[in-house]
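Both of the next two complexes hold chain A, though its partner changes from chain B to chain C.
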Partner chain A sequence: MIDIIFIILSFFAIIGGLGMILFAQPIYSALSLIVCLVALGGVFALLSAPFLFMVQIILYAGAIITLVLFIIMFLNVKSDNLPNEPYKIPTILVGGILLVPFNLLIIKGFSTLEDKPMHIIGEGFGSIKGFGMELFRNWLVPFELISILLLVALVGAVVYLRKEKSDG
Partner chain B sequence: MVDSILPYIILAMILFSIGFLGVIARKNIFIVYMSIELMLNSVNIIFVSLGRYNESMQPQVIAMIIIAIAAAEAAVFLSLITVLFRRKKSLNSDIFNVLRQKSVTHE
Partner chain C sequence: MSTALISIVIFNIIVALIVSLVFVPVLVWMERRVAGFIQDRLGPNRCHIGGLRLGGLVQSFADMIKLVFKEDYVPNSVKEKMLFRLSPAIVFATAYLSFMVIPFADDLNIDGKSYIMQALPIEFGILWILAFAGLGVYGLMLGGWASNNKYSLLGGIRAAAQVVSYEAVMGLSLISMLIVYGSTHFGDMVRFQGELIWGIIPAWGVIIQPVAAILFIVTAFAETNRSPFDIAEGESEIVGGFHTEYSAMGFGLFFVGEYIAMGVASALIVTIFFGGYQIPWLNTAALYEHINMVFMVIIVVLPLVSYVFARWIKKNNVWHKKDDVRNKETRWLIIGLIGVNILVIFTLLLFLLFGLEENGINISVALLQVMTFVVKLLMVNFFFIWVRWTLVRFRYDQLQNLAWKVLLPIAIANIFITGIFVVALGV
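What follows is the complex of A and B.
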């Protein structure tokens, strides 16, 4: 059963990713990226990480990509603003062939791990409580640094988007 | 297939390759940005599957931190795209070359 769900989810993820790099209009790319990210959220749920599944759907697909969609609509991109890309398909094909040895190397490295049952664990593994305990016991300093990083990103975005002087 | 970590790694590597190809093959700066997001997500898949393999929750925390970094990156990158589009009226990443040497004037 988990096999079938995993195959369906990975099919949608790969189709969404391919659609993202093949569409010419950025709005279609953002929509297919949402399909891909929701399918990856399902893969997180299969890997017994229900909190990350929730975060992926709410934060990634719901907030970040929706922000991208808002920016695309806000910029009012006409088709003559889009770059002319005559070598898109050949570059993707040649690059895909060139990436095969790299992928084979990584997969060969991971295939030395011995098999273990990967079924879904219940009993609080990946739940909000266990996650919070792990985060605030062992990862407190990175958590605080992330808050500073988000503050810096907020200030940086405001500084970039200030009204420019007339010569700008 | 449930008893192995390999399908998850293969899925993550396929998605990482798709994201990398999007970065090198496309000129539309929005699609470059979304490809970077896809690469971050595939790294998350590898982290979480290794965490499931070792029955540890620390990789899930790392994946959460990566998601927070992606959110910070989204804020900065999208405001940068907005400024560049306001100035150049184009989404082509090849014309964003104001740091090139040809515009330097010696006085």
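What follows is the complex of A and C.
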């Protein structure tokens, strides 16, 4: 059962990823990215990480892509304004072929992993409480550093916008 | 899979269906009659099936049937037909799925096993709601964009900007509630609200955290795109906004989705701030203990209320022509009322005489709680409608200023103060 769900989810994730690259119209690219991200969220849920699954949908599929779509719609790209891409398919094929050795390496790495039974470890595994305890007890410093990084980016965005306003 | 599990799951899904989908015509009816009341007119009251008007409720069913059978016209200017078709479905489905995590009653114990009374028994309900609130806006955005019309595009962009900014405030107001309740599970939240503060006041969220309650109610209005935050479809500025080009059931799905979203927002407000399914001063344990007393009170009060209601119907439900079929409605309604009374009193008397075993008491407690929940839900829905017909629409810049410059600082300050209190009191 889990294998079937995994195959369906990974199918959608790959289709979404391909669509993201192949569509000429940016709105369709963004929508394919949503499909890819929601399917990845499903994979997290399958790995009994419900918190990660929900956060993936709230943050990536919900908030970030909404902003991306918002900007695309704001620019209102007409279909005759899109660039002409005559060598799109050959380029992607060449790129895919170049990636084959890398993929082989990953598959080889996976095949050396030990065979372990796939079941949920303990009752509270992946729960919000366990996640929070782990984050705030063992990984507090990296967590705070990342939040400072985000704060700096936020302040940077505000400062950048202020400058443009005073010019115009 | 036991029979108890299957029947409880089916019961929960049916309740979720009724409270979301079947309530839509009721809400439409409420909206029209309340609007009529506020604007000093009657509202729809003529439509009838064989004389049965139900105060105009039949009109909303007629409207639904009309929407289903109308010609579905797609303008030639619409290029992205697939997205155009998909977006009403997204709005409808996300609103409907959000309803699945609302608890209708306390965990039901059958033969020593406990069952969560949600259509989808998961324990991170708040995250689920936030996720689907975020996904629902795609329907509005894509519908507006695919319509290939500048008014629709403006409507879609406005909807997106509004939802993104108000989602931030909503999340922050919820965080202070999470600090208080210490759980993301709606069931735990409602159980917390079943207790009493100093033995007198029910520990409802709105009493413990009035600031968060106001913030959440304001943002819930914005998330459902209802007045005073309905700039996405502000008809005086941008025609119909994102649904300008939709007709028949395409529009119907947007319309139904909007009312379901309102139902979800009301259910959330009830669950987080107004004690959910808890009857004030009578939490699940107390209800279990005093079930016979509750039955007796119902047996006494129900006929009295029905008598007053019947008098009111007799006085007000009159059609101005003498020999019209609609004049017979009053009699049928009163007969129905008496029938319901006899049925309920007879059943409760049987329960009182022969006594209930444990499963029976648990089930009747759950049923009472479902009814309490529905009553509270309708009251908050009424509040939504009341506000819509009282307040005027915000301008776009006022709306963003309110979100980022007023509500967001208050929400952050509220989190800090709540955190300090919780640490200081050590609860």
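Basically, the second predicted complex is superposed on the first by the 152 of 168 C-alpha atoms of A that agree within 3 Å, B and C clash if a C-alpha of one lies under 4 Å from a C-alpha of the other, contacts with A are read in each partner's own complex, and residues count from 1 in each chain.
Note that in this section a contact is a pair of C-beta atoms (placed from the backbone, for glycine too) under 8 Å apart; a residue touches a chain by one contact, two chains touch by 3 or more.
What you see is a predicted model; the values in this text were computed from it and never measured.
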| item | value |
| --- | --- |
| Touched partner set for A:8, first chain B, second chain C, both or neither | neither |
| Touching partner for A:110 - first (chain B), second (chain C), both, neither | first |
| First, second, both or neither for A:37, with chain B first and chain C second | first |
| Contacts of A:68 with chain B and chain C, given as first, second, both or neither | first |
| If touched residues of chain A are counted for chain B and for chain C, the larger one | B |
| Touched partner set for A:26, first chain B, second chain C, both or neither | first |
| First (chain B), second (chain C), both or neither touched by A:140 | neither |
| Chain B versus chain C as contact partner of A:57, first or second or both or neither | second |
| Chain B/chain C common contact set on chain A | 51, 55, 63, 67, 74 |
| Footprint of chain B on chain A - complex, ascending | 2-3, 6, 10, 13-14, 17-18, 20-21, 24, 26, 29-30, 33, 36-37, 40, 43-44, 47-49, 51-52, 55-56, 59-60, 63-65, 67-68, 71-72, 74-75, 77, 81-85, 87-88, 91-92, 95-96, 99, 103, 106-107, 110-111, 113, 115-119, 121, 125-126, 130-131, 134-135, 138-139, 142-143, 146, 149-150, 152-154, 156-157, 160-161, 168 |
| In the complex, chain A residues that touch chain C | 27, 31, 34, 50-51, 54-55, 57-58, 61-63, 66-67, 69-70, 73-74, 76, 79, 127-128 |
| Complex contacts: residues of chain C adjacent to chain A | 79, 83, 122-124, 127-128, 130-131, 133-135, 137-138, 141-142, 144-145, 153, 156-157, 160-161, 163-164, 167, 184 |
| Residue numbers on chain B that touch chain A, as the complex places them | 1-11, 13-15, 17-22, 24-28, 30-31, 33-35, 37-38, 41, 44-45, 48-49, 51-53, 55, 57-58, 60-61, 63-65, 67-76, 78-83, 85, 87, 89-94 |
